[in-house]
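Below, subunit A partners subunit B and then partners subunit C, in two separate complexes.
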Partner chain A sequence: MDHRQQQLSHILRQFDDCADFTHKAFPELHADLLYFDHMVDSQKLYREVTAPILSASESELQNALDRLSGARMEADRDIVVAILSGSVALIYREQAYVIDMYNPKGRSISQSESETTITGPHDAFSEPVGDTLSLIRRRIKSSHLKCVRMKVGEISKTDVFLLYVADIVNMHYVDELSRRIRGIEIDAVHDTNMLVQLIDDRPSSIFPQFFTTERPDAIASKLAAGRVVGIMDGSPSAFSAPTSFFEFFTSSDDYYQRWSLGTATRALRFFSFAVTILFTCFYVSVTTFHYEMIPQNLLLTLSESRSRVPFPPVYEALLMELVIELLREAGARLPTKIGQTIGIVGGIVIGQAAVQAGFTSNILIIVVASSAISSFVMPSYIMSASIRLIRFGLIILAGIWGNLGITVGVAYLIIHLCHLTSLGSSYMTPVAPHKPGDWADVFIRAPFKLLKTRPSQAKSPNPARMKMKK
Partner chain B sequence: MRNARWRRLPLPLLLIAAFALGGCGDQRILERIGFIQSTSYDLMPNGELKIAVAIPRLEAESNEKREVLSTTAPTSKQARIKMSRETSLQLVSGQLRVTLLGRSFAEAGIGNQLDTQIRDPAISPLMKIAVVNGDAEQLLNQRYSQHPRTDRYIERILEKEAGTHAIPKATLHQFVRDYYDDGIDPVAPMIRKAGKNIVIDGIALFRDDRFVYRLPPQDAMIFAFMRSRFKQGEIGINLQHQGAPREAVMVTSLVSQRSVKVSGSGPGTTVTVRVALDGTVLEYVGGLKLGKPKDLRKLERKIEAYVSGQAEAMMKNMQRAGADGIGIGAYVRNSMSYADWKRTNWRELYSQIDVRCKVKMTIKNVGKMK
Partner chain C sequence: MVAVKEKLAPFHILVLIYMTQTGVVILSLGQMLAQTFGINGWLALPFYGVIVTANLLLIGLVYRMGRGKSIFDIMERRLPLLLLSPLYLLLTMVWSMLACLVSMEYVLIFQMIAFPTTNPVWFKIVIDLLAYSLFIKGIYTISKASTVFFYLTVWMYLFSSMLFHEYSWNRLTPFFFQEGDFALPGMSGIYAAFLGYELVMLLFGYVDRSAKLMKLAIWANLLVFVSYIYVSMLVFGFFGFGELREMQYPLIDMFAYVKFPFIERIENLLYGLLLFTMLATMAMYYWSANEASGRLFPKLKPSYRGIALIAGTFFVGLIPDTLAEVNEWLTWFGIVEIGIAFGLPLFLIALLLIRKEKEAPVHA
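Right, the complex of A and B next:
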């Protein structure tokens, strides 16, 4: 058995019991084609490989092969990996060529389901990493946009790309991030949101420490701001780092609206954050401990509606919050058409019947509903889910210690937030450390002529965004 | 990483502690408490206090809007303990809005009661104080068919009338502040029962913590001019002299400025209170043609003469009663050194000094009718 036969049988043995594996032999040409049919572009394969070698005579064949846009490979292992990544392996006599024909069938570029905006671009990343890269490259036409490739997962061997704009990014972050990604030891990674949890500074924290998004315009702006971006094959989200807590309160919409509207919307988000975590627990603490704080007019209606409720306020509130969470979770899992039914059933059951049956007070319904609505104002779903969970802890604290409990809970929350880091930089930037220069783009969205510098958290060697003539 | 996990221990510990200590807090669940909205104090002939409290009732099944409890006891907190035997609710005073002082109680001096109320952190400093011309418990206990929520009714009357300066604002804070200030004496509105309603019955002037003099309602506005500057108020004046044709004017949208000047010293001290009034004439009955500037000036002079005459007469009465409700003492004190003030017996001096009132009335407009 010659070397060629040995190599071929070795590769074929690797793909034993792979029914989707294709092996085309051309004995008269001493050539073999090995590939996965569903991963390669079959037209391109015919045009560029099959047709030229079939039409070539024995003498021309070597030339035809050399013209192929493929690489010669020696090691069996490399060839196997290449085939798995969507290449076609052509084995001719003693030589093996690997030609990249990777063209998986993904869904087309469509609108993001979880991050919709009214104005601004509507395209969103989809699963194939090529589409994602292309969407980013289309937005940043610069050779300074660099792209580092890594593999993650013992079995999955998922492609992860780190993107950054050279000269704007602080290379320290790129090095740190690639060190962390290369250090991941896991069998498979299935989504970016899963990947970032493997490289978190504090994996046990409730808060996300990387900003993930499906929007290419948001990612382009993060790159331009000097942050590092990571994308992964098979996931429609990309992440950016380093991240601050306040980034989760911004949305690309803010920049497409007039600055005053963007500012107002941001104020609304900070307000909604406070409502989400504090409104229900404030109800509990006031009705359990601090009757002095209730305005006189509200007091009568409040205690009237409370007088029929058989539970103490803390159980009443936990029960209603639980029901709202059940409705949300059920609605999220079901198809849209059945989801509507859930909405109607939930609206009637909770809105009307629960109050009439004396199960809860109607003020609590308003409180719980407004805090649930507020939680959805958060542009980031991951952050919105985190703060919804925090609420439960605060309700329990409020039921036990009243306003003191809320204070203790909020203080713990602030201490925890100050303790967090993202790639080693403070999560609470620009509040702690105090960077008033960044506030124009964090708490308000100032007009563009005032947003002259990149965020200080990016520690960019090139911090000026805009050079305006006086 | 292991190290970091240990540092996160406080949260579970906190939660365990929170659950374990859960029963220890003094819970006041809304539907189980009776929040006292108004309370009244009367002095019994035997020296005990008669105390009544009114609590709103909220049961949907019952038509009763309120529950009034009353008892006699040596102190108010002892009365609270006695009253709580009569009710299913936990009595709390964090929503207390009005304290009614019976005339008998106010005349005997309310010092201790003030101390109790100011000491209790649950009681708001914005709580209103009013003196009842008569028996406070009866006024509170009465069923006013037109005003089922009597406590709200009393509070709203006091608030609304204070808004137009027909009565001085008397919150716990202001009352106590004036009580402890040696240059001014506290004042409070006075109310009484009038058939099916409650009516404002002038102003109660205190000397320290004792009610000493009742200012009739028609002097209330004059008192307001003398006491402080304000915006928004109205006054009706009867300018008719005996035998002359009928003449009356009503001035509204009053803006009143006040300045006080002290001259001389000792018993020769003269205090001049200058009041500048701006206002709109809304009603005039009489012989003057208000369209003419000359007549308008005449009307202004008449109003000035009336107000300053009334004010000086009112001051005489107040000096006789020894109640310095408008705070002349503070101006006299400011006109001398602290050592001199300490040497002065202000109570004695107050009855001797000469208080003058100069009024400058400006009619801004006379309404639509020219």
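Right, the complex of A and C next:
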């Protein structure tokens, strides 16, 4: 058996029992085409490979092959990897060519369902990484936007790209991030949100340490702010780092509205954060231990409302919070139309009936509903979910020790948050370390003329972002 | 993990010292002033402010003469560890016991007000664990957490403005320092309200010299002084001397009068929030004790030493079982700590005079 036959049979053996694998042989030309039909652009394949080969005589074939935009490869292993990555392998006599024809059929660019905005661009990333890269490149037309490619997953061999704007980014972060990604040893990674958990500073923490988003405009702004961005093939989410706790309270919308509206919205989000974690547990604390904190007029209403409830407030609150979480989870998994039904069933039937049956008090329904609504004000779904879970811990602590329990819980939360880092930089930036210069773009959304510098957390070598005088 | 070297920034130093100084004593400060210095006893506070500043200047001299080096390094370069061991042991014991007693006092006050039937040991265990989780993470995390705690507690001063309508200048009376007992425990107790500033000695190795550590410590002390003057004047003018002398925790009683349409008796929030300032104080004392014990047992992991400190002081802290006993212990340990606050810098200056520090500090 000659070298060509050996190479071909070796590659074919690798794809034994792969029904989706295509092998087209042209024995009269001593050529073979190997590829996955569903991963390649078939029109392009015909136009650029099949047609030229078929129309060429054997003497012209070598010239035709040299004109192909592919690379010659020697090692069988490289050829196999290239085929798996969506290339077409052409084996002609003793030579093997690999031509990139990757064009899988994927979801077209559509609106993000988890991060909707009212004003501003509506397009969102989709699963093919090419589309994602294209959406970013379309927004940052600069040769300074660099892109590093890596493979993750021993079996999945998923493409991961690190993007950054040279001269704006701190290369220390790029090096650290690529070191961490290259250090991943796992069989497969299926989503960006899974990838970031493998490179977290503290994987045991409940808080996300990378900012993930599906919005290309948000990612473009992160790149311009000097952060490093990562994207992954097969995932509609991109991540940016380093991030801080407060970054999760910002949304692209804030920048598209007038500054005063953006500021008010941010204030609303911080308020909603406080309501989410504290409102229910404060209700439990007050109704269990600190009745004296309730003004007399309100006390009458409250005690009347609680008079038929046979459980201590902590059980009552946990029960209702659990029901709300069940409704939320069921609503998220079901199709939209049935999801609406769940909302009605939950809202009217459970809410109303629970009060009438004496399971819970009217006021608790208001408290629980307000804190549930507040939790959805958070622009980041992942952060919102983390905060909702923390709430349960605080409710239990409030049920045990009242206000002290809440303070102990909050103190522990603060200690934990202060110890967290994202790519080695403090998670509580710009509060601790104290960077008042950043506050104009964190706690408020100041007019653009005041947002002259990039966030200090990015430690950009080029911190000035605006030079307009007026 | 990326080695992005964190440094204590000036603002954090300021807040850290302020938070270490303020603690539970603020609740009874007005009563202590009335008891010790009598009518218009709050006017004694400037004297304390001056003494603390003088002490800080003394520490500043050590900082300057020692070229910003750690006090332990200064001592160990001049004296053998064997000779220093008793001193380190004393520092470890006093600092860790102060941390323990401060939390014990808080726990007992809290138990008395809100949970009279609950065993305070449970509160103590949880608060100790909380303090452990903070101080073991090191000075940078303590300073960051203190900053957040500062923001969470400082707005309580705003609430006090709602009491202005009840304030009467007449209650201050035109008399000064009448009917005070001028007892030593009372005087040292008031001084103990300022303690915490002396731990700035342990920050020497952790700050950049450009941060002007001593200037910041003096500013922090000034901030504490202003807040104490404000709170004391408020309680003197709110209750009057006669009533104040009989009260245990005037600040709590005063905040009981703050009312909002949806909530009242916000003293419940006040002593909840005081946990934050108490935690900062506690963490700083435990951290200091852990640093000192590290010189005695350098091979032992800091986390193990921390556990030993917490566990050891926990059991000793159970001996005084009433608030009065805890206060008595605090007074004695407070007096020892005042001795350390003045004695240690003098000792260091003496050592530095014997052999001057020539090399530039390592961290500069």
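As a working rule, the second predicted complex is superposed on the first by the 468 of 470 C-alpha atoms of A that agree within 3 Å, B and C clash if a C-alpha of one lies under 4 Å from a C-alpha of the other, contacts with A are read in each partner's own complex, and residues count from 1 in each chain.
Quick note on the criterion: a contact is a pair of C-beta atoms (placed from the backbone, for glycine too) under 8 Å apart; a residue touches a chain by one contact, two chains touch by 3 or more.
These figures come from a predicted structure and were not determined experimentally.
In the superposition on chain A, A:Asn403 contacts subunit C only, with no contact to subunit B. Of the two partner chains placed by the overlay, only subunit C lies in contact with A:Met428; subunit B stays clear of it. In the superposition on chain A, A:Ser204 makes contact with subunit B only, not with subunit C.
Of the two partner chains placed around the shared chain by superposition, subunit B is the only one that A:Thr287 touches, whereas subunit C remains out of contact.
Contacts of A:Met101 after superposition on the shared chain: neither subunit B nor subunit C is touched. In the superposition on chain A, contact is made by A:Tyr412 with both subunit B and subunit C.
In the superposed pair of complexes, A:Ala317 makes contact with neither subunit B nor subunit C. In the overlay built on the shared chain, the residue A:Arg306 is in contact with subunit B alone; subunit C does not reach it. Taken together, the two complexes place residues 289-290, 292, 294, 401-402, 408, 412 of subunit A in contact with subunit B and also with subunit C. The residues of subunit A lying in touch with subunit C in their complex are 172-173, 176, 201, 289-290, 292-295, 298, 401-404, 406-408, 410-412, 414-419, 421, 423-426, 428, 431-434, 459. The touching residues of subunit A, when paired with subunit B in their complex, are 202, 204, 287-292, 294, 296, 299-300, 302-304, 306-309, 312-313, 393, 396-397, 399-402, 405, 408, 412.
Of all the residues in subunit C, the ones that touch subunit A in their complex are 1-4, 6, 9, 11-12, 110, 114-115, 123, 126-127, 130, 133-134, 137, 141, 143-145, 147-149, 151-152, 259-266, 268-269, 271-273, 275-276, 279. The touching residues of subunit B, when paired with subunit A in their complex, are 4-5, 8, 10-11, 14-15, 18-19, 21-22, 25-31, 33, 35, 56, 58-60, 92, 94-95, 97, 122, 124, 152.
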